[in-house]
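Labels run A, B, C and D following the written order; every chain starts at residue 1.
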């Protein structure tokens, strides 16, 4: 195994995210980084997973000579290799609402200590500093997938104590909150940033523990302090914060091959 | 997987089984009878002759449907309904279809405007002798948005759906075409799906026309290669309903226990699997009877489709 | 029918228009702008660049969606949202899809378990400046069957759905394939459906593969033959998303009114129809830019299907 | 035009029913006699109608050399010529519940003076004399189609003062009852029996009038008395009860061609 010596932290975020995919089961990929990360995972680490999108692709199988990862989830290249292609009610409805998703992958503008996401607005919803595009299917996936991974650049403006608007519930405001709201208990499980990988302090899917985000590992040559410096609250650290393996040459070269037009990982974008 | 293995492994006594009026997995239902499963509940908008046989075979003690063909005329089935051996909850085709849809969508209920003004909703009929759902059958409310009266139908999630389709791959990805009845929502609502298919094809063939796929393989617990698996019912593009067989061998089954037993001894328990059943059919009625069923008439698609994309997005 | 006639006849000022994220009828939306329709409401799970242009073109004063691409970055659209020229009600992709489904099914509402635990439901946010639905936005209740909390979403019935598909016949029967987003339910929910198609084919070709049809002609008010009618977005099997055009001609439109006006003067009002738009595209960017978009890569179906039946039902 | 001199009243029921079809619009055909009657209508009288079934055939176009009318609504021959073939939720849901059906055609075991139908049970539902197959989609069509035609042999056991079980509402128990139940006001409009054709005494779709069945026309050589003798209540007669044209040779010969195996019209069956 040869490690890459030339990579960005945004690339490492995708690589680390891809490594966190489960080895099997049904994965629903949200807009943006989840798509390329999911294709990377499927091709390198988790060939058995069934990749699905909310627009209607089911069990997407990237072919070996794939010219690109799909740009967004509406890219027609997703018809090439999928076992089934239908529509949003099948995908967000029968698939997700029906309980057939094992793992959801999201990105957002903000995440908070309880893993709640915000895709809608910065500032007060009634008088926003900045309006965003909107949640798409992010809300559904956060509400209904039993496990969720979120990919998000580590920036203080993104890692906030409380999201300005909770579009996509993690553990909401602590243990038991999801069940009180009428959701299943699990919520957000993993956050991968440009610094490291986070879990959540709950042993039983949101029933007990603080349900707060916990830094579990950092990228090579980075320290927990970097994460803390770009985080808006006092970050919990795992008893031992591991250091992740650097990306391999294979990981980085495939990632770049999947992103020939630099839609996903461009300098300055993340 | 063989039908024997699939039914043995995935159908448990007491299960709720979806078995509909189109895409009928007749061969799988024969196998359920062959294995003498017990206390099943059969559900489906309309349920056809395969349900009748499962009831007569002693496999079923509850039916939730809009139409039970076996009860159309007086006989063993109607006797079972009146003496309590077969309990039943009457809905309608669309009632069940919507309940399966709600089950598929993971929502606890779905409203409809059907049933309003009917006697189904009269409270004095809620306690009929066949009843087993009680207050879980339906509810009435007014829409908070416009005051419209609606009937709320509870979600229906069968334990198993058995379906027959034209072709599938080894992973269970299924291509089907022709009218589908309520089968699509059953594929998603059921906890386990068992598919029999006329043909098993390479996965690449399924994936080359993914809009033809009606259920992805990860939803399918078992796929069984079973030519003529819908017989004596029809499957678009392969063979037609065998009314001749119905008239010659099957018609009497509801009239008496003995008539059913005679049919079952010859056509279900007397053959080891569906291939043997079809071989017996050939012996009894001749190859020409089979040939007459083969679907030779009607259209083939005139235009191809393409799933192509540009390699470069116009940026290359 | 021409796009001009279809939009003139079937889109009225003040209408609610479905315009989604797949099957995007970009050419029809250009024509809506060309005809300077007013006070439209745009609805769709996610609404893309065609909605952005209709808003910038002054055609739209309300958006009901889960995602409005034009608001992704600060600029004219977000200014319009903050100063009240563009009102908005935020849902989600599946929220809108389910509301269209409820509209299609003629039921006043449909439950979902999404939105629970989010800030969308917080009462203090109901009165945001963009709001226009009031208590018709959603409601909460508990299932009478199991006590499950649900959010009730009201049915959505757009006045018009505009959609683009691969092929149709003169009657408006539409063949489409590839992922469909929420378009299927919009076809049924909308009071009027306007379809543009890459190809107009004989009705016999549509009817030779009726499971490929996603809407019957009697639901379609107008069908327009419009090659490249989805440009600059993609359509499976025909051409890909034109990110080059997006980067070269369209990217700036939300940044200033002037940028939009310049784009519209050249690409919308400066051409008489979509054929002229594509001709202009060819002049500006060359045939090779078009050629790069053509969908040449990817699968074609490996296996045919048959819709045949037996002429005699085995009785002949 | 040459009249047939050899026909049964069951055949005339189909012929008369076919003549009553609208000339355009979307028609939803229920199980049984509605199917063959609808195909007859489409081929002879109403080529513009779009025939649909609850199983999922939309705008069925019988080809000129059709070997048979479909046997039931699940017959795969309905795929041959249909503009679209999908499923029951599309057909009974988006089509019917969504308000896209103009005319529904039904049959049943019983009809009463208000046009209510019974497809479920003879006698008390809690202790029936006879159980029937069930309603299938009959209930939906009666509840939700704006106009309904019912085909039913004229027999006293079928034409009853009150259906034993109202599976399929006509005018329920008189003016205004449909609206009170939450349905649109129109309800049953036409009944065609083996004796004649009936309308309903309501000028405005169930709001006023008695909403009772009215004999409007009888078949050639039959009198209103025949209808009354096979009807369980005092039948209302139109001021002038017309006599229908006998079936033409063309009508009868096509009808028989459509029913080569005598599934629909067999002596003694109707």
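One rule holds in what follows: a contact is a pair of C-beta atoms (placed from the backbone, for glycine too) under 8 Å apart; a residue touches a chain by one contact, two chains touch by 3 or more.
This is a predicted model, so every value here is computed, not measured.
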{"item": "Any chain that touches chain C and chain B", "value": "A, D"}
{"item": "Whole-Å gap separating chain C and chain D, where each centre is the average of the chain's CA atoms", "value": "39"}
{"item": "Geometric centre distance via CA averages, chain D-chain A, whole Å", "value": "57"}
{"item": "Inter-centroid spacing, chain D versus chain B (mean Cα positions, whole Å)", "value": "28"}
{"item": "Residues of chain B whose C-beta touches two or more other chains", "value": "106-107, 112-113, 148, 150, 177-178, 185, 207, 211, 234, 236-237, 240-241, 243, 295, 297-299, 307-309, 311-313, 315"}
{"item": "Residues within chain D bordering two or more other chains", "value": "57, 67, 71, 75-77, 79-81, 85-86, 89, 93, 97, 144, 261"}
{"item": "Graph class of chain-chain contacts, one of line, ring, star, complete, other", "value": "other"}
{"item": "Complete list of chain pairs which touch one another", "value": "A-B, A-C, B-C, B-D, C-D"}
{"item": "Residues of chain C defined as touching chain A within the complex", "value": "21-22, 45-46, 65-69, 71-72, 74, 78, 81-82, 90, 92-95, 97-98, 101, 112-120, 124-125, 127-129, 148-150, 177-185, 234-237, 240-241, 243, 295, 297-299"}
{"item": "Chain B residues within the chain C interface of the complex", "value": "106-113, 136, 139, 141, 143-146, 148, 150, 152, 154-155, 166-167, 175, 177-178, 201-202, 204-205, 207-209, 211-212, 234, 236-245, 289, 292-316"}
{"item": "Of all residues in chain C, those that touch chain D in their complex", "value": "103-107, 171, 173, 185, 188-189, 203, 206-207, 210-211, 213-219, 307-309, 311-313, 315"}
{"item": "Parts of chain A lying in touch with chain B, wherever the complex brings them together", "value": "26, 50, 57-59, 61, 67-68, 71, 75-77, 79-86, 89-90, 93-95, 97-100, 144, 261"}
{"item": "Residue ranges of chain D touching chain B (in the complex, touch as defined)", "value": "53-57, 67, 71, 74-81, 85-89, 92-93, 96-97, 120, 125-128, 130-140, 143-144, 165-169, 172, 177-178, 181-183, 261"}
